[in-house]
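Each structure below is given as structure tokens.
Two complexes follow with chain A in common, the first pairing it with chain B and the second with chain C.
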Partner chain A sequence: MEVKKKIKRVIGLFAISAKMDLLWLLRDTRYALAGIAGEAVSNLSVVSGVWLIAIRFGGIGGMSVDEVLFMMSYSTLVTGLFILFGSGNNIHISRIIGRGQLEHLFMQPNSLKMQLITGGFVPFTGCSNFIIGCILLIVSITRLQLQVTLWWMVRLIAHLTATMAIIIARSYLVSTAAFYAPVEAEEISTAAIEGTWQLSTFPLSGMPAFIQLPLLTILPEGLMAWFPALCLLGKPPLNLTEYYPFAYALVLALAAKYFFRKGMNWYVTKGSNRYVPYGFRR
Partner chain B sequence: MIRYIKSAQMACLEKTNGGVLYLMPDIFIKICTLIPLIYMWKAVMSSGADVGMTMDQMLTYTYAGALLSDMMVVRTQATGWLSEGVLMKLYGRPLSVIGQLIAQTAGRWLPNLALFSLPMALASPLFGVKLRPASPWFVASLFLCISLGFAIDILFACLSIKLRSMNWLIDRIRAAIIAILSGTVIPVSLLPLGLAEIMKYQPFASLGGAVLSIYTGAAETAAILKVQAVWNIVLWPAALIVFKKSQEGMVSYGG
Partner chain C sequence: MYHTDFAVNVNNVTKTFIQWQRDNTGKGLIRNLIKPEKRKITALDNVSFTIGKGEFVAYAGPNGAGKSTTMKLLTGMLLPDSGDISVLSLSPQKQRAKLMEHLGILFGNRTELWWDHPVIQSFEWKKVVWGIPDDVYKRNLDMLIELLDIGKLLKTFARELSLGQRMRADLAMMLLHSPEVILRPLQGSQHHKLRFR
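Take a look at the complex of A and B:
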């Protein structure tokens, strides 16, 4: 009964976020449409660079042009999901912590977790990359003549979920620093997410192992598109199991949970030093 | 002149005010992006496709482009000057606004040149990259590239004045367009589908891609310098006129 109530509440909060997004689109249509176009152009420029190289050279490191296109479609889908669900700084959590805005969330009659899950949902103004990703996916699947079964779709959704979990967990893990140093670490999640995003669009096929392995462990950029795309094409790289990204996501999420909780405990006892009593931000 | 040098010095110190340690994450990310990029090009070029550039040229092109990235596509503080309180500082001093922007931008390049470009230039043999320029004319080309970069930046800044609160958006779109059209990510001459011939005369191609083509000896020097000079002659007066007309339309907020 309690679970049912929570699910209903989460759906209700998603609906509120969607309504606010629609209201913004209707109230300030020119700016909202420009924002949609800007996000789409920005992502397309990143992925088209790699794709154009693949076309010019007939592939990259053993991956065919269509396989590279499939990988780019996966990357675009991830970007799309990120914008769709993370547009309220709920994934760039160091901004909320660093700016002393967690108190704003504490004042609401909902749990922090529930607010962070639903607060960045923008289905109207944030859907462009997701739609482009879906179109690119269909085109690449058709060109590769992939057999799309129900199990394949389940695997696609599972891989996308694992990729998103890695992005969120890494952002929350590094954002813990913002509890202790709010000014210095306010933008640390941006460095963790956007800083290495170009790297995540590189097909690592054909590169030496000493480049591939660090990009699957220390900096998991290889897990953002390259590794899952090859798994979905039935060619898991480096003789690793297809389940590797899930294991990585789980370990990273547990680490993030542990350190974030420690940071929160510190925060609730010390507070934030970002505001002076008369309201200005330091 | 001394006042502009002082402005540059202040901008340099401002970037390192928090301590050099705070610059390290950015430098780490740059290194982590550059090394795989070098190996990606090695993997791509080893396919043996004839693209009018040797592997050595391509590696030099990519590596030098990363080391001089701030100069390849100039980005001043004017992009965010309406929302970040930069305007007040610029107009509060008895110096030319554009002159200050240029001095401050050049000053802000220095920490990155010292902490990233110089060590990575010394480390280039480890990655099999030869950084010796193919032609000394790359210096002239670099000067024209930087000059054109400032003109383009001023034009984009004027666009942000015109469109008021859209400066973040303009910055995003501009970065996306320039990434493809300037040739700093992929040499313009390598663009497929007939795009190379169309793209080489547009103004963004006279930025970083032009300098790197001369640096690596992958293109005819005189032709590139001519196109760069023409775009400078066309865009600088345009930038100055548009800027003069735009100043009264500035609305600043934030700080």
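Take a look at the complex of A and C:
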């Protein structure tokens, strides 16, 4: 019964986030549509830049043009999911912590976890990259003549989930700094995620191992699109198992959970004397 | 063990903070680099009080006396160093989400309204997030429109409201779920109001 109530509440929270997003879009539709179009063009330009290089040179580092396109579609899908579910600073959590805005969340009669899962859902203003990603995926699958089975779809969803878990865990891990230094670390998750985001759209095939390995361990940009795309194409690189991203996501998520909980304890023990009113409600 | 007769039960609560100190002399700046000076502030020192249901209490004291700290402790935003707190027989530390179904709090320096939406949309948002039944929501909304004279503000975007209008809208939003305990800290003043029913 309790679980049923929780599920109902989560669905309700997703629905109200979606409604707020739609009403925000309709507030000034011209500017909203211009923003959405701008974001889509920006993302397409990133994707097409790499793809055009691949066409010019007949592939990159052993990956064919269509394989590069497939990797780009995966990368666009990840960006799309990030925007679709993380537009309320719920992934860029250092902003909420650093601005002392966790208190807004404490006032609500729902667990923090539930609020953070549902609070950034923007299916209307944030869907463009996801849709483009889906289109690119279909085009690349067709060109590659991939056999799309149910098992392959499950693997795709699992890899996307692992990639999102890595992004979120990395953000929450570095964002713990905002508990201790709210002013200095307010934007640390932006720096951690978006500072190296561009790297994730480049095929690392053909690069020497001393470049590939750090990008699969210290900075997991290789796990954002390159590694999972090759796994889905049946060519896991560097003789690593296809399950490597899942193991990485698990370890990172556990570390993030441990340190974030410690930071949260610090926050409710020491308090935050830094409240910034902007940015909490759009 | 908490007493159910009381709306609020604060028992031997102590809360301390550490404040950074620095003077602006050259020596002070260098010392800050090596060994920053810190001062221990005891915001609440073994404080105990109870407030019964239906009581209306003004919580007053000089600046820095620990009024805001008390409010944050009562809402689970802060944890005490020692002592016990219960509000409506619930522990703010361990049952915060449950407590928030019955508690209303409004800090003067912040708003719960959605900035780029009409006031009524923030109210609709609260209805869903708090799970307020339709009849309760409608009854309270009608009452608050009349009491706080906010009928003309409902379609206005929160961003466009004057400070006084925003405060009235925020107050209405705080009351929408029929809170049993209301905490109303007044910004920068030397008293806070608590209302219990």
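What we mean here is this: the second predicted complex is superposed on the first by the 274 of 282 C-alpha atoms of A that agree within 3 Å, B and C clash if a C-alpha of one lies under 4 Å from a C-alpha of the other, contacts with A are read in each partner's own complex, and residues count from 1 in each chain.
We adopt the following convention: contacts are C-beta pairs under 8 Å (C-beta built on N, C-alpha and C of every residue); 3 or more make two chains touch, one makes a residue touch a chain.
Owing to the predicted nature of the structure, the values given are computational and were not obtained by experimental measurement.
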item	value
Contacts of A:I93 with chain B and chain C, given as first, second, both or neither	neither
Which superposed partner A:L232 touches (first chain B, second chain C, both, neither)	neither
First (chain B), second (chain C), both or neither touched by A:H104	second
Dominant contact partner of chain A by residue count, chain C or chain B	B
Chain B versus chain C as contact partner of A:R27, first or second or both or neither	second
Chain B versus chain C as contact partner of A:I55, first or second or both or neither	first
Chain B versus chain C as contact partner of A:G271, first or second or both or neither	second
Partner chain in contact with A:L13 - chain B first, chain C second, else both or neither	second
Footprint of chain C on chain A - complex, ascending	9, 12-13, 15-16, 19-20, 23-24, 27, 103-104, 106-111, 268-271, 275, 277, 281-282
Partner chain A, residues of chain C touching it in the complex	17-18, 69, 72, 75-79, 96-101, 105, 107, 109-117, 121, 124-125, 128-131, 157-158
Residue ranges of chain B touching chain A (in the complex, touch as defined)	18, 22, 25-26, 29, 32-33, 35-37, 39-40, 42-47, 49, 51, 165-166, 169, 172-173, 175-177, 179-180, 185-186, 190-193, 195
Residues of chain A touching chain B in the complex	31, 34-35, 37-39, 41-42, 44-46, 48-49, 52-53, 55-61, 184, 188, 191, 195-196, 198-199, 202-208, 211, 215, 219
